[in-house]
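Here come two complexes built around chain A, the first alongside chain B, the second alongside chain C.
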Partner chain A sequence: MLDGFFASTVVQSALLIGGAAAALSGIIGVFTILRGQSFAGHALADISSSGGALALLLGISPMAGFFGLSLLGGLGLGQRRRADSSLVAGIMLGAGLGLTALLLHFAVSQRGVAGAAVTIMFGSLFAAPPGAGAWALGGALAGLLLIACLYRPLLLASLSEELAALRGAKVRLLDVLFLGMLALSVTLSAMSVGAILSTALLIGPAATALRLTRRPPAAMALAALLGVACAWAGVALAYASYGWTPGRVWPVSFFITACVLLTYIIAAWRRG
Partner chain B sequence: MFASYLLSGWIVASLVAFAAGFTGFFVVLRRESFAAHALPMAAFPGAAAAALCGVAQWPGLLVAALLGVALLFWLKRGQRRDAATALALVALLGLGALFLSLSGRYANAVYGLLFGQIFASSPADIPPALALAVLVPMALLMFFRPLLLGALSPDFTAGGAKGDVLFLIILALTASFALPVTGALLVFSLMTGPPGAACTLAASPRTGLMLSVVLAVALIWSALALSAATGWPAGFFTGVLAALLFLAARMWRRARQAPQLPGPA
Partner chain C sequence: MRYLLYGVLLAFSAGVAQAKSQIVLHAVGLESQYANVMAQIGGPYVEVRAIEDNPNADPHEFELSPGVARLLHGADVVVANGLGYDSWADKLLAGGKATVISAQAVRHLPASTPNPHLWYSPATMPAVARAVAAAYAAKDPDHANAYWRNEQAFVASLTPWNKALAGIKAHYAGAKVAVSEPVADYLLQAAGLSIATPFSLQAAVMNGTDPAPQDVSAQQALLSTGKVRVFVYNQQVTDALTTSFRAIAHKAGLPVLGVYELMPPSAKTYQNWMLQTTRALAQALAARQ
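Here is the complex of A and B:
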């Protein structure tokens, strides 16, 4: 059983994409929670679903579609400290999802891609296109490199914008760069667990890690580790579930989300 | 466009939009957009579970939405509000994905539940929608002052948590009834676009509330009319028109510099 698991190229690619997405999202997620931008992260994911639908309609790589639209969404969201930022994010999210509904409608009626809604919204890690693994790995490494370069000013700006500005950091530029990194992490997660479930990998492991430690570097390392562990456990469980209910599928995205939630609940329980 | 088989769709949509306009006004003032987006997702696994067990949809929706409120409150202890909402949202979505997948009606059911199938409404959907359109405004008007005060200055209201629970339950009810009409993802547009525009334009809470309801109903009517005329999904027009409405209201205010409510600056 285990031999078959690791020998399958589908499983290898799923482990690679899921792991890369979870590692980057865990670290970006800690910044996202500290900055109070969880809703912005989720809004980008929902907006990116229209990119996935567009890619399907045009027959281009879904990764390009997800990334393009979430970058556009990030530019639209703009500043984070405005009083009405959650309302603006919400309304943009609604428009993005409306666009997804239309593009999926066309994709299904013109190209006959049945099940497109499921693939884009809830992901299909086992059906990733060939070569996606390399792209995911490259994207995650680029994201990690960017964080390593910006670590100190970004962390300071996330905790206190005023203090960072006093120390001479370019806060507006950091805001924009962070939204770009958020778009990258949302893209990778959308490839793994689907656009609307990508928030599980972004917020889940980071929230668990922040319950267990208050030191940002430790929280980031822990979040990345937990995320990768959950993604891999989810893939293994989905593989094992093949024979549980004949003819019915247990989606891999469900298992990954369930692992993420369970680790959070255990951490919250232990901390009281 | 007014063909008889579409008639119940029009009636149900109008009733849902009426209730959503009321609820949405408080969503905007209390800055609860994220909760308003997450709670319809709570109803989503309910609908999926109902499909799995082969029972009627709306009791499943109702139970699941209330469970979603409970989950949200449990997660909110010792966690930032927005991160807790995100966790509740993915927990419920993940469950919904599982139930739908196990029910074996995955692809079509997903599209319907997420983006809505308003023209698939039957006359049997009218009584629950009517109950919603009567009960939600009644509850909101009964608690109009405490809800409004809690929205404008949370520190003032003693027992703020109680108002919070009450409001989230009303929100969950609205969401679960609206779900089959507009879909889990686009109930939300009705509860943010028109009320956001109304709060931008109105000078007092009362006119704001009335404007919000009128705009919500007008929005769903235009979306349905455009959808019937083009054959494109109604969800597309709902989401995009809501954003355009909000944008237009903002530009109008910028041009006029009219007085505004203190909520959404």
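Here is the complex of A and C:
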């Protein structure tokens, strides 16, 4: 069923991109939930889809497109205080998806890009452009490095803005930096499971981990681990689906998100 | 969207003014290759327009505009490909005055036929041409003789193409080739070649769905180990996977042949386009001894 799994260059690149995205998203996801910014994370993902469409239109790397627009969206969200960011996120989400509709229309009618909408929204991990694996790995390492440098003040600011401010942390700057990191993790996830589904990797494993432990460092390690496990299991299941479908593998994104949901249900059930 | 009035149409008459004055029928080819054949048969009496004629866009992703609806509404004869390739036109054509000819129907192909690129098959255009001439003659009996004469001339003009195909068959029958999409599969098969790429991979690339890694590995092996003589890809559609296949083929020194899905501007007529493509195929096959 898994004959030639590791020898396949497509699988290698899928494992690399999916793993890098899941690891970073798991850790950023714990911060996101602690900060109560899950919706902002989803909004960034939707906004990033217009970047993916723009990249298709211009013929540049989809990763650059996803990152550029989600960073722009992050800066937009960063204009407001965290407390009322939901409203802004909702408005920007709609505008971002609307822009995606227009850019996809151009990309599809002017340039020959088959299945563009599906790839951007729902991901095609088995059709990743060459070199995307190295970029994903580099992006994830850069994100992890930034988290390591900012860990203490960022965690404090995430748990309590007031306390962090009292301790002399620059809360507004941390907010903007965090949105930048969030944009990076959204970009990697959008490359793996598509812009719309990238929320699954951001929130799913982190929520599961926070159900199993309340200690933030342990939750982050666990979320990264669970995320990578789900991503890799999804790739393996999609590969194996070749055997039970008439040569048309089911989408990797489906299997990854199904694994994310399954681990959450198991964790919730075990904790009661 | 820009509509092309074919140069061919003008070539059949002394000039634009005269061509316009003689026009009796209005016809539409949903794809430019059908429009070209329709213009050859209609001569100066039929004004033919093509709807899908942008060689840089993916015809599978065509989007409709009100101008297209108007054009179809005013048409006397319409040629469609069928097999879901231009199903967007079905609703617009239903209940209209146009005689609708489908390449799928004149070839008597079932709807489950997986490869819709029928114009690459040497059997398709003669059948379409016959149906077009009959439709023109029914709507404009005064010029029926001219339409049938043009139809015969068109079918006769396909001879060099068929000879070129037979030439390849005589030399390379059974030789294996790899492809990115099923675009030119019918032509390759008519030339006696064997397509080694799994059809599921061709379908995934054509439809823009996730390719199976197993199929991608199989294709990579075909391209890099010299098991095929040439790699044929659709240069009208660009995607990362096809680009990576081309890179592997180049690295392995495998001849690469780009084909068009819709009739390119470089081809003067449909038969010229097919002959060019077949000659290029013969060259690519000869390049690797």
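What we mean here is this: the second predicted complex is superposed on the first by the 260 of 272 C-alpha atoms of A that agree within 3 Å, B and C clash if a C-alpha of one lies under 4 Å from a C-alpha of the other, contacts with A are read in each partner's own complex, and residues count from 1 in each chain.
The rule is short, and it goes like this: contacts are C-beta pairs under 8 Å (C-beta built on N, C-alpha and C of every residue); 3 or more make two chains touch, one makes a residue touch a chain.
Quantities reported herein were computed from a predicted structural model and do not represent experimental measurements.
Enquirer: Under the superposition described at the top, does placing chain B and chain C together on chain A give a clash or a fit?
Expert: After superposition on chain A, chain B vs chain C: fit, no clash.
Enquirer: Looking only at contacts as defined up top, I'd like to know whether chain B or chain C touches more of chain A.
Expert: Touching more residues of chain A than the other partner does is B.
Enquirer: Determine, under the contact definition given at the top, whether A:Gly115 touches first (chain B), second (chain C), both, or neither.
Expert: both
Enquirer: Looking at A:Val249 after the superposition, I want to know if it touches chain B, chain C, both of them or none. Which is it: first, second, both, neither?
Expert: Both partners.
Enquirer: Name the contact category of A:His105: first (chain B only), second (chain C only), both, or neither.
Expert: It touches chain B and chain C both.
Enquirer: In the overlaid three-chain picture, which partner chain does A:Gly4 touch, first (chain B) or second (chain C), both, or neither?
Expert: second
Enquirer: For A:Tyr239 in the superposed arrangement: first (chain B), second (chain C), both or neither?
Expert: second
Enquirer: Thinking of the overlay built on chain A, is A:Ala127 touched by chain B (first), by chain C (second), by both, or by neither?
Expert: Once the two structures are laid over each other on A, A:Ala127 reaches chain C alone.
Enquirer: Specify the angle subtended at the CA centre of chain A by the CA centres of chain B and chain C, expressed in degrees to the nearest 10.
Expert: In the superposed arrangement it comes to 80 degrees.
Enquirer: Would you give the minimum C-alpha distance from chain B to chain C, in Å, for the three-chain superposition?
Expert: Minimum C-alpha separation, chain B to chain C: 6 Å.
Enquirer: Indicate the residue numbers of chain A shared between its chain B interface and its chain C interface, in ascending order.
Expert: Correct list for chain A: 105, 108, 114-116, 118, 247-251.
Enquirer: Enumerate the contact residues on chain A facing chain C in the complex.
Expert: Touching chain C: residues 3-5, 7-11, 14, 59, 105, 108-116, 118-119, 124-130, 238-239, 242, 246-252 of chain A.
Enquirer: Which stretch or stretches of chain A touch chain B in the complex?
Expert: Residue positions touching the partner: 33, 36-39, 41-42, 46, 82-84, 86-87, 89-102, 104-105, 108, 114-118, 121-122, 196-197, 199-200, 202-204, 206-207, 211, 245, 247-251, 253-254, 257-258, 260-261, 264, 268, 271.
Enquirer: So in the complex, the part of chain B that touches chain A is made up of which residues?
Expert: 28, 31, 33-34, 36-37, 78-80, 82-83, 85-87, 89-91, 93-95, 97-98, 101-102, 104, 106-107, 110-111, 114-115, 183, 185-186, 188-189, 192-193, 196, 232-233, 235-240, 242-243, 246, 264-265
Enquirer: Could you please specify the touching residues of chain C with respect to chain A in the complex?
Expert: Counting only chain C, the residues touching chain A are 54, 56-58, 60-63, 198-200, 203-217, 220, 236-241, 243-244, 247.
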